[in-house]
Structures are given as C-alpha cells and as structure tokens.
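Next up: the structures, one after another.
In the two assemblies presented below, subunit A is common to both, partnered first by subunit B and then by subunit C.
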Partner chain A sequence: MVTGYLIRRILQAIVVTFFVTLITLALIHLVPGGPVAALLGQKANGPELAYYNRIYGFNRPFIIQYFKWVWAMMHGNFGYSIKNNISVAAEVGLYLPKTLVLVGLGLVVSLIFGIPLGVYQAVKRYTVGDYALTGVSFLGYATPTFFIGFLLIEWFSLDLHIFPSEAPQGSTVGQILSQPRALVLPVFCYAFVAYALWSRYMRSSVMDNLVQDYVRTARAKGASERRVLWGHVFRNSLITIVTLLGLSIPVLVAGAIFVEVVFNYPGMGLEFFNAATSVDLATLMGFTVITTFATIAGNLLADVAYAVLDPRVRYS
Partner chain B sequence: MASLLEITELQTDIRLRTSVVHAVDGISLDISNGETLGIVGESGCGKTMTALSIMNLLPTGGHIVGGSIKLEGKTISNLPDDEMRRIRGNEIGMIFQDPLTSLNPTMTVGKQIAEAVILHREVTKEQAYDRAAEVLDLVGMPKAKERMGEYPHQFSGGMRQRVMIAMALACEPKLLIADEPTTALDVTIQKQILELIDGLRERLGMAVILVTHDLGVIAGRADRVAVMYAGRIAEITDTRTLFVNSRHPYTEALFQALPEKSAETREKLYSIPGLPPDLTNPPPGCRFAPRCRYANDKCRSEEPNLLGETPQHLYRCFYPVGDEERADKSRFAVEQPAPLAADPNVLAAGPQGNGEYLLRVEHLVKDFPVTKGAVLQRRVGSVSAVADVTFYVTAGQTFGVVGESGCGKTTIGRLVVGLEQPTAGSIMFQGRDLSKSHGSEYRRDRRKIQLMFQDSYASLDPRMRAGTILREPLVAQGIGNRQQREARVQEMLDHVGLPRTAVDRYPHEFSGGQRQRLGFARALMLSPQLIVADEPVSALDVSIQAQVLNLMRELQRDLGLTYLFISHDLAVVRYLSSQIGVMYLGKLVEVGPADEVYLRPAHPYTRGLIDSAPVADPSAEKAKEKSGVRGELPSAINPPSGCRFRTRCPLAQEICAEVEPPLVPFSVNGHHAACHFPLEPPIGDAASAAAAAPVQPAAPPEPSWQGPA
Partner chain C sequence: MTGMMPETQAAVAPTAAPDGGVSVVEAMELGLQPSVKPRGMLRRGWEVFAENKLALVSLGVIVFIILFCFIGPLIYKTNQVSTNLSQILCHPSAAHLLGCDPLGYDELGRIMVGGQTSLEVGCAAAFVSVVIGMVYGAISGYIGGPVDSFLMRVVDAGLSIPSIMVLIVLSVIFHPNRLTMIFIIAAFYWLGVARLVRGETLTLRTREYVQAVKVLGGTGWRAVLRHILPNAIGTIIVQGTFAVADSILILAGLGFLGFGVQFPSTDWGSILSNGLQYLQSSQNYWWLIYPAGLIIIVTCIAFNFVGDALRDAFETRLQRR
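Up next, the complex of A and B:
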C-alpha cells in the first residue's frame, strides 16, 4: 500500500515541479526590459538586444523556450553563468556540499536541543522553566535571522573574541570542516532558528498527546509517567513532528540563505544572493529549480517517514 | 464477609480556573470478592469520577479531598504515585468507554497487552508475549496469536474492547472497573462484551464495578446497584430490590422515563424537569429537590441522610416512594407531578393518520464505489449500503428504521432528504418521484422534507445566535419579510419549549437537550411535512431523552408531522413508531406494525436484536441469557450470498446461502419478513400471498408489500 501511496505522491511532485519551473521562467521574463536587458545593463541598444535575444532564444514562443529549458535540465544542463564563467551544474557541485554541511550540522544541533526541550516544556507546562524556554524559542522565530547573526558576531566575536566573525572559507568540504571554530557561530545561528520551530512543535504535540485516552489507559496499566512519556507519547508526537518537518523546508532554505550571507559562508545561499545582486539569471534560475527539487524531495521523504512511523497510514 | 474494596465518605474535587467542582461528595461503597456492583447515573453525576478516584487517575485539577479508599484493608487513597502504580493494572484493572481512542494507535496490541505483564511481573519479554496471547485468547479473540502483531485500527469496535479487557486482565486483578464499557458499541456486540465480562468474573473470581448510564445494562449484570445523583448516592441496594421496589423519587423517575416502559401503552413518558445541579455550588437541602415532584420546604432546606429500614437498602429521601407519608396532601400541593395520563393515541388515528402514503420508497438501491489504485483510482467494487429496500410511510405517522451501525439506515435517511442520489429505485413524495422532478417543484418538495440531526451541536454553527440559526432557512429560501420571520422564530421556539429569549444565545449556552430542541425548531422552520430524524436522542441522558421524545410526539399531533425515525435503539423506535423496518446490511429484513414486529418477530435477526437490547428488568435479563446475535457484521463490500444474515444466523441452512429469501407476509396488517425459516408461520405460501397483497399504494389502511420477484 505504501508503494501506491508513494507513486501518487511522486506524481503530485511532478505536477508541482512543472508549475514551479513554469513560474520561474515567467518571472525571468518579467524582469524590466526583458532578461537580456538585465544581462547587458542599461546601456544596451536595440540591435544588441535583438542579437542577444536571438542567441539566447528569448525571441521564440514562451512555450518553446520552456520545453527547451526543461529538456536541457533533464540532461543535466542547467545553463551557463556568464558572470562566473562556469556552468550552473558545476556551481552547484561546488557550493551545495558546503551548504549541506551547514544545514546538516544545524539541523542535528537544533533537533538535539529542540526535541528534548520541547518534551520537557510539555511535561512542565505552565512552570517557570516552560515560560523561560517559550521566551527563548519565541526570540528564535520572531527575530529576523540576519539580526540574530549580527548579534552573535557582535557578542562572541567583536566583544568576547571567542569565535571568528566569518565563516570558514575554502572551496572543499574538507577545508570547511578543518576550521571548526569558525563554524560555530553560523551553525549555531542556523540551529537557533530551527530549534525554535522544533521545540514549539514538540511542546504542543506532546501536550496534545498527553491528554489522549490512550495515555490514561497506559496509566491504568500501572505505567510510570516516564514510561507513558517515552513509551507511548513520544512516538505519537514524533509523527506530528515529521509532517511538520516536511512543511518547514522552505523556512529552513530561507534560513540558510540569510545565515550564509551574514557570515559570508561560501555556500549556495551566498552564491544565490550574489547572483541576485548581479542579475546572474542563469544561476538564479538553476538554483531556484534545484531548491524546488530539494523541497519537494524533502516533503516526499517526510511523507515516507510518516507512513513508516504511523501504522494507520501503512495498513490502510 | 470482609470487603475487597471499601470506600468511606469519599470526596473528590476538580479545581477549575475560577471554581471548584465537588464531583464526588461523600460517597461510601463497599464491594466483596466476586461481586458486581453497578454504579448508575446520568452524565455529570460523579460516577466516572468515583471510578477514577479509586484508581487515582483523576484528570488535571482533580484531587481526593476527603474520605478514604481501602483495598483489602489497606488504604490506597493516599498512596504515593509509585506505590499506587503497583496496584493499577495489577490488583485493579480498568476498561474505558471508547476502545478506539483508549488504545495507543501506533503500538501493536500484543505489545500493549504484554506491557501490562512486564510492568507487574518478573518475566522475560517472551513470557510476557506468551501471556498476552493467552489472555487475548481468553477474551475470545479469534486467532489470537496471529493478531498480536496488528494495530488497533485493524480491529472492529467489539474486538478492540476485547483487547482492552485482555489488557486489564493480564495480571488477573481482584477488581475490574468497567467505565461505560459498551456505550460505544452496537447492542449485539454490547451483549457479547457484557457476557464476556460476566463470564471472566466468574472464572477469575474477581469483583467488578460496572459504571453505566444504562439501567438495562445494570439489570442483567449487577448484584447490587448504587444510583448516583449530583455527586452523591441517591439509593443503594441489591439489583432486584431496586427494580421492584425503588424508594428514591429519582430512581423512580429514571424508570418512568424509559421508553420501553411505555412502549405498549405509548403514554407520555415521565421526563424529569430541569437539569442536574451545578456541582460548583450544589443546592442546599436535598439535591434532587429542584426536580423532584414530591419536594416540599423541608426538602429544600434540609438534606436527607442515606438511611433505610435495612442496611441493605439505603436511600437519601425524606419521603421515599411507597411510603405512608406520601399520602400527605400538603406535599402534592407544593408541586403537581406532571400528568402521566395517556395522550390521545397519535398512532391509531391521528387527524392526519388517514392512511395516505406521504412517502413511498421503492426498490431503493445505493452503492458507494470502492476505489483502489494509486493514480487512476479504478473502481474495484462497491459497498452495498442499501439494497432493494421498499417501504411506505403513511402521512401523520412514524416509520421507524432500526438496525446496527453499518446497516444502511443513515444512508436511507440521507437519500430521502436528498443528500445522496440513489443508484436505483425511486423515492416518491406525495406521488412525485424526487429523483425525477426538477426546478421549483423539486425545491418545494425538498423544503417539505427536513433532516433532524443526531449531534445538534456539530450541526449548529457555534458562532451564530439561535435566532440567526432559526431564521437562516427562511432567508435562504427568501420567505417572508423581517417581521414575519421574527414571528415565525418566536412561534417555533414556543413549539419546542424554549424561552423566547433564547434567540440571543449561542449554541454552547444551551444544554444537550435544549440544543436538540433548537435543532428540531430549525427543522420545523419551513413547515415541513416529513421530518427525517437520524438518532435524535442517542446522545442524551434518559431523562432528557424523554423530554425530546415527548416533544416529538406532541408536535406530531399538533402539526400533523410525519417522521422517518432512524435509531439503533429498538425501545425508542418502538415507543415512537407505528411501523418499524428492521435493516441488516443494506436489506430490509422485517417490516410491519411496531408491536407486531416487536412482540412476534419472524426474522431471526429481529429476534436477536430484541434479545440483545438490555431492558431494565432483572428477571427478563436473566431469562434471555443465552440469546442474542453472535459474531460480527460482515463487510458490505462483498455481502454474503443469499441471505445476508446467514453468517450470524443460528437457523441458517444450505438454501440460505443460495437463495435470497423474499419478503413474505406474516399478517394481514402488513407484517413482512425475509427468511426461509421464519420464527412465525407466514400466512399462506409466498406466491398466493403476493397475489393477495398486490403492490397497490392506493389500498390503505394496510401497507402492502411485495418481495423481490
């Protein structure tokens, strides 16, 4: 049954991808003066524009452009960045692993703190500890990420000189990982945002579960509060979290961009930011599409995890 | 005999944000080994809180604030939680009302049962699982070993409750507390579960506390009964005495409110006026005084003690029922009891009961497609929800449809009001086929058929005031101007017995019974002729149920309404209906005049249904010990061939699997049943009977029937 479910989800994903790519291309066309004008700058004259429009195929019908573009992407050709003189695919190969290091470390750290502290808050709900932690997580998602980043740099780098203000530099993952001290602030900054999400989700999910009838049954069996919590409530709460995890991917992607920009971390986000400021359309489009894929894949993964965790989905 | 459990002057409070509810207020009970004690009362009377106090499993804010609970002489009401845990599930087991939500959805049932063993016994995991399989088998789970690895949602309601029982009994407790164990189940399954609990009690020699709102359930199962009201015991005695010689006016009123008591005479039910008191601030004096028909000034100022002539029969009343003193005229002068005199019998010959068929349902079929497949959702089969059902409803009368959940009765209601389209067959309203009429005629007919819901809370918009809710149908249909609508709202509120000031209130400000009245009033706004009432009273307490049933009959008489009354409760259906149709798995298996069907059922299923429904009469309950319907409802996707009931029928023969039995007549009054081996002799053979009773809707007063050719 899970396979049937999966096939249906994958088909949905394909439909979503279709629309996202379509919109991406349409947005590029909405750039003032058209994409080529953006590329050549304001000084470009008519013949130049027409020439480049022909070179890039922007003069052809939109739908043809779209399919040519998709066709190329399906063959691994995501375009060529004139600004950086490198293919977009190569750019991705260069920056994506580093971003994954940041996101991976950040997620692990945030989950390590967010899940147990969320459980703690639910169990000790409406106590000082709960309120204090609620305050912390509120800061985490109410404060703009870049602002948190600046504060961290201000305190831990400029004032206290504990950690460097800039992220590790280097072109390979190995180089990045060889500078753990420089990694601390960006990872922490990223983790903080994600932590706020997890701890809130976990708190409300555990609280919802604690008042369920099955919890009363477990207590009536003579189970201790600890057993009730970890043996019964925890798994059921995680099911909710996993779905939310999938839904939070856009927030997490946006967070990565901000963190990379603030700490000058050499990843996809920073590169995307640079491409946006320099109107590097090829990079922008390629990265957008790839992020879309990642988001959809993440959602899909969350759904699978959900199906595995919840027998009601598995056997119905 | 030394008591197993002794409760002395127990007081349990529930602290809310701004007030304290005295949920249990000075209760003393004791229970001996092997005994079944019933605790009966309406919602909010404190019966569940008493049960939870014993387990010390009170909800947030709940505390035992006085008295003591002793188990085998040892006080357990003040034990620290870690010691109490050794008692829960070990010496006292507990089962709850809703077996679906009471089981952990993501843990196999085997693991959940084994957990109880692991918690209290020094065993290995394998031993615990072996024990779990053993108890699962003991509670009558077929293929217990194989089903250990399944999850709760893979079981039927009845089987889930068996899992709950297995879990509670895994450590062989001395006491089992069953809190409304069968309220969420169908009657046939209810009977099976109650029998199971009874059998296990005998076999394991444990005591049982049976908490329920249903006097019928108590009648057949309990040795002694405590009737609770407003946090206190109103009356306590052995079951037989309670049922033949109840002394407390509340107990008396509860009995009189039961529809089965007036089923034959169809007298107006006694309904207890008002609502139970608010337990944050209980009234001074007797707590029942505000609703008691015998109350006088003494009752209102002083509280009676729990006393009686013998210690075996105690009641909390100054003027017990059957007492000499009841002749005291001054007491009756204070508050006249509601007259119990018989209504003019609506059923026999109401003004509208002139035998016209208002609704003719013929060969009605409804299939719901079952789809499968990830992408294309191809149709792999269908659920046969209603299969070739024919019945006629006479104007001004009530046609009751009764059956277990999944029998198709609700689908019939939805088809009649137009919420579903039939797959085949016709629904004729005043001679016009609803599925074929269109436009304004269709809308006019539709307006004359209104639905009254089971759960009026869910069907009323919580953000709308009652006045708006009632006006809505008029506004939607563009009927009348402002004043006319206003007047109509007032009129309907009067009709259903709600104060005119109710227009400004929101649904949550009404009690359950009042909300049902409001739902009723809304259904009446467009002056319908036919009301389809789907389980309108099943969520209500007995005393409130009686109020609503009385109201339905009064309005039937006054407004000439016709009801299609759908319910799982045979007693309620019989009380209200002139004709009854019994449904099983989409088929109408028996139909006819209410009393004839009830007193001389021809179909084995009807018989089983009657025997399964608990009645508030201990001797009657004992007498039908071994009857009822075995097994569970088969799937409607592939219904059994031939007679659909054959998988559960005690009389089934080979022919039942091969030939579908046609409806044949059992009396000249239109009593028909579909069975090859009926319990009553049919009149004539089927062929000549069919000829004798042609389908001629114009031949009142007897509705006529024709089995499928």
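Up next, the complex of A and C:
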C-alpha cells in the first residue's frame, strides 16, 4: 500500500522536475537580447555576440540546450559563474552550510515557541491571551521581514548595545558558530517570521482536532483533559506541522534572503542577491534550480511522512 | 473542559430560530412553507460579515487608506515632481506634517503617492492572478483525467520554484515599472489560486445541477462559466483579498532589495527602505521610518481581517442553504 503510493508520488515529482527545469531555462532566454547580451553588456557588437553564443552553445536549438544542461546537472555541473570566477557547485558548497546554520537555528527557535504557544492559543481560544498572541503572529506576517530586521538592530544594537548589528562573518561554519552573540539577532529575526507561520497553523490544527469524534470518545472513556490534549490531540496536530515543514521551503528561502541581506550574513541568500545586482545569470539559475530541487524533495518527504504518520492518506 | 461549550452551541445555533419557534430549516424538513422569504445570498453574507466588528473596522481602515492615498493629495497639496534641496530632511512642522525625505520631498505626500502605487499594483496583481487562476483551475478541474494531471503538474512545478527567486530573476530581466510589477507578481501568484479553484471545481462538478447542464445539452463552457465559477466565487473573492495584502508585501520586499518600481516612482516599501538608511545616523529621523512601516502593517492586517470575515460569511451561506 505504501509502496504503491510512494511510486506514484515519486513519478509525480519527476514530472514536476522536468517542467521546473524547462521553465527555468526558458526564463533565462527571456533576457532581452539573450543571456550572452546580459553577460557582455550593452556595447557588445554582432560578431562578439555570435562568437560567445557559439562558445556557450546558445545558438543550438532550445531542446538540445535543455538536454545538455540537464545532462551536465546530472553530473554535478550547475554552471560557472564568470563574475565570481568559481563554479556554481563550489559556490553552493561555500555558502549553503552557513545558510543551513541560520535556517536550522531559526527553525528550532521558532518551533520551540510556535508549537506550545499554538496549543495554548487553541485551548484558551477567544481569551485575552489568545487574542494577544494572534496579534503577535499577525504582526509577524504583515511586517516586511527587512523592517523587523532593522527594528531589531535599532533596539538591541543601537539603543541597548546588547548585540552587534552585523551577522557573524567568516568563511566556515566554525567561524560563524564561534560568534554566538552576533548570531542572536539574525536568528531571532528569522525565527519570528517562521513563528507566525507555525503558531497560526498549530492553533487551527488543534482547534480542528478538539471537535473530532475521537476526542469525545477519549473523554467518554474517562481520559483526563491532560491525556486528551497531549496523548491524542497534540500528536494528531503535530502531523500537520510535519507536512507543513516540508511544504514551506519557499517561504523559508524568502526569509533567508531578506534576513541575510539585512544582517549581511554570508550565506546563499546574500550571494543570490549579489548575483541579481550584478546580473550573474549562472549563479541565479544554478541557485534557483538547486533550491527548487530541495523544494520538490521537501514536498515529497512531507507527503511520505504524512502517509507514514496517517494511514488514512494511503487508502484514499 | 469548559472551553468546549461555546463551540458546540455555536455549531447547533444556526438551525434553531432565535425566537424559539420553528426554524426555516426545520420547517422545510417538515414540509411546511417557509414563513419568511429567503433572503438573497449577498444580503445574508453581509449580515454575517457585519456581525464581525473587527472586519467592519478593517473595512473602514481600508476605505480610509484608499481615500488618504487618492483623495489626500487633492487636499494636502505637496510638490512630488521636483526635489527641493533647501528642505532636505526637514523636521515635521506645520508646513510639512511629517517632515521631508532625503531629497526634500514632503514625506506625508510621498506616502500618499507611494500608497497609490502599492494599492494599484496590489489590487491589479491580485485581480490578474485571480482571473487567470480561476479560469485555469476551473478548466483543469472540470475536464479532469490526463488533462487535469498535466495542468496540475505544471502548477506544481511553478509552486516548487521559490517565488522570491523567480520574482528577483524576473525583475532583473524586465525593467520594473508599475505595469511589469503587476505581471511579475501575478506570474506566480495565480498558481495557488488555480490549485484552490481546481479543488473547489472537483467537488462542484459532481453536484446534480452541474450534471443536469450536461443532460440538458449544455456545453462544458456553460457549466463552468454559469454554474461552477459562480458557486466557487466565495473561495475566489477570499483568495483575492489575501492576494492584495500579499502583493503589497511582495512589492515592498522587492522595493527593499532594489528590484521594485524605480525612481521617480515609489511605493511604501521603497519609502521605508530609503528611510531605514537613516536608522544608524546620530539624529532621530523617525518620520522617515515609522509612518511608512506602520501603514504597510495596518493595510496588510486590515485586508487579512476582511478576508477572514469574508470566508466566514461565505461558509455560513453554504451552511444555511
């Protein structure tokens, strides 16, 4: 039963990957004058364009370019950033670990606050505490991430002088982790945005579960409120969060880009932003494709985890 | 748990008449003619919406902000065309209620002009994505089968590419102005709408009245346009409301990164990020930062409250049918 579902789901993911790569390559060809014109600048003349088009293979038919590109990616070649004189794969190796530190710490902090507070809101719904926390998560949603970041810098760095305003600098994960004080503000900023997400979902998920029949049954057989909440409702609500984690990678990526730009955190998001300002198409394309693969994998994992945790999914 | 009680009562309440008599639903079940004429869908929706005081206040806030941005410049006249170097960073005064920005523009007037861009782009992007998503989703759900699978895998693919990355790449490719920003935002936002409408269509197309269209010889287009979409309109409008808030935030974020609308046009996000550069200066230039930040937050929260209330209103309509 699980294997059938798994195979169907993996096939779907492969089809999605095909479309995604197609869309990404088409995107690069949308650049006015073609990708080579973006590389050489406005003063490039016809022969130069033709020469570099031939070198990079942009004069071949689209479908040939596509397969060559996919073939290269299957061999770990995601392109070469001429602006930085380094391969995109090497760039990823350099910046991804540092971004993972930020995202990982941010996620842990946001979940530590988001899950229990979401449960609290659902149990004490329509009370002052619930409304106050709903207000907080609405603020987390409606405030632009960069504004939160700057406010944190204003309050905790410029006014109170507790934490430095800049994220830790360094080329390795070890160097980043060796400056925990500098990590606090970026991680907190990231966690606040993610917190708004988890607490809202946790609240509605627990509230949905509290009115289910199995809760009534548990109460009827004499289970204590504590047992009903933590033994039954909490476990079922957690399933939603597990799936959500896999599905929210695009949101988490967006958060990482803004937090890294605001705090000058040396990760993939900042590098992507720099690539965009210098029109470094190879890096833009490579990072987009790699993040997209991660999203597809995350969606797949989320669905599989959901099927494993909740047997009802497999049979439908 | 005592907290449970209000919920259960609320769930039962709609079927019981408030005056203790036989409710409309019960009367129909008993085969009696309803004593009161059923009210129209919009009327009932509005009644539920109006019960939500928070939503009414939010609606008022939205109307006020729209008037502020579009009628405001007619009352509070400022020069938003040429810079005035003698007024750079001037403090709030009677002549300039919120002071001036680094180029000598009146800040309050700037927020009005920027708000026009934010609201126009937000609403237009929401409208375009809702229309495209609606048609795409309805067609996909109505046809079903392999066509549906194909169309939905395309949507899955689009949703797998982190939107912010596509937005940045598109802003690099196209020279961002108001019109291109609308289509850049709509280019990925319609995907989510399409998926939602498709789900709604899947449940609606099995209903008897949609089946009846086929039996009576109606075309698929007629079933989609006249019967499925009008019944999915609740989902669509709610989604459109959230889309406005999301689009304003996206535009603000792109403005901060420098990929939003370009000078001399401006939007709330660009105003805010320009002001944030003066955060670390020795003087306190609060008027460059907090008014613009606050109006973004208030607008987005207001649109979200209205969206939530609309969802309740439309759901209640379905319950009472």
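Operating definition for what follows: the second predicted complex is superposed on the first by the 312 of 316 C-alpha atoms of A that agree within 3 Å, B and C clash if a C-alpha of one lies under 4 Å from a C-alpha of the other, contacts with A are read in each partner's own complex, and residues count from 1 in each chain.
Please note the rule applied: contacts are C-beta pairs under 8 Å (C-beta built on N, C-alpha and C of every residue); 3 or more make two chains touch, one makes a residue touch a chain.
Please read these numbers as outputs of a predicted model, since none were measured by experiment.
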Which superposed partner A:R312 touches (first subunit B, second subunit C, both, neither): first
Partner chain in contact with A:Q12 - subunit B first, subunit C second, else both or neither: second
First (subunit B), second (subunit C), both or neither touched by A:Y265: neither
Touched partner set for A:T217, first subunit B, second subunit C, both or neither: first
Partner chain in contact with A:G4 - subunit B first, subunit C second, else both or neither: first
Touching partner for A:N236 - first (subunit B), second (subunit C), both, neither: first
First, second, both or neither for A:W198, with subunit B first and subunit C second: neither
If touched residues of subunit A are counted for subunit B and for subunit C, the larger one: C
Contacts on subunit A seen with subunit B and repeated with subunit C across the two complexes: 225
Of all residues in subunit C, those that touch subunit A in their complex: 1, 3-4, 6-8, 11, 153-154, 156-166, 168-173, 245, 249, 252-253, 256-259, 269, 272-273, 276, 279-280, 289, 293, 296-297, 300-301, 304
In the complex with subunit B, residue positions of subunit A that touch it: 3-8, 11, 212-214, 216-225, 227, 231-232, 235-236, 239, 309-312, 315-316
For the subunit A and subunit C complex, residues of the former touching the latter: 12, 15-20, 23-24, 27, 30-32, 123-126, 138-139, 141-147, 150, 153-154, 158, 165, 210-211, 225, 249-250, 253-254, 257-258, 261, 272-273, 276-277, 279, 284, 287-288, 291-292, 295-296, 299
Residue numbers on subunit B that touch subunit A, as the complex places them: 55, 57, 81-82, 85-90, 93-94, 96, 98, 101-107, 115-116, 119-120, 151, 153-154, 164, 167-168, 373-375
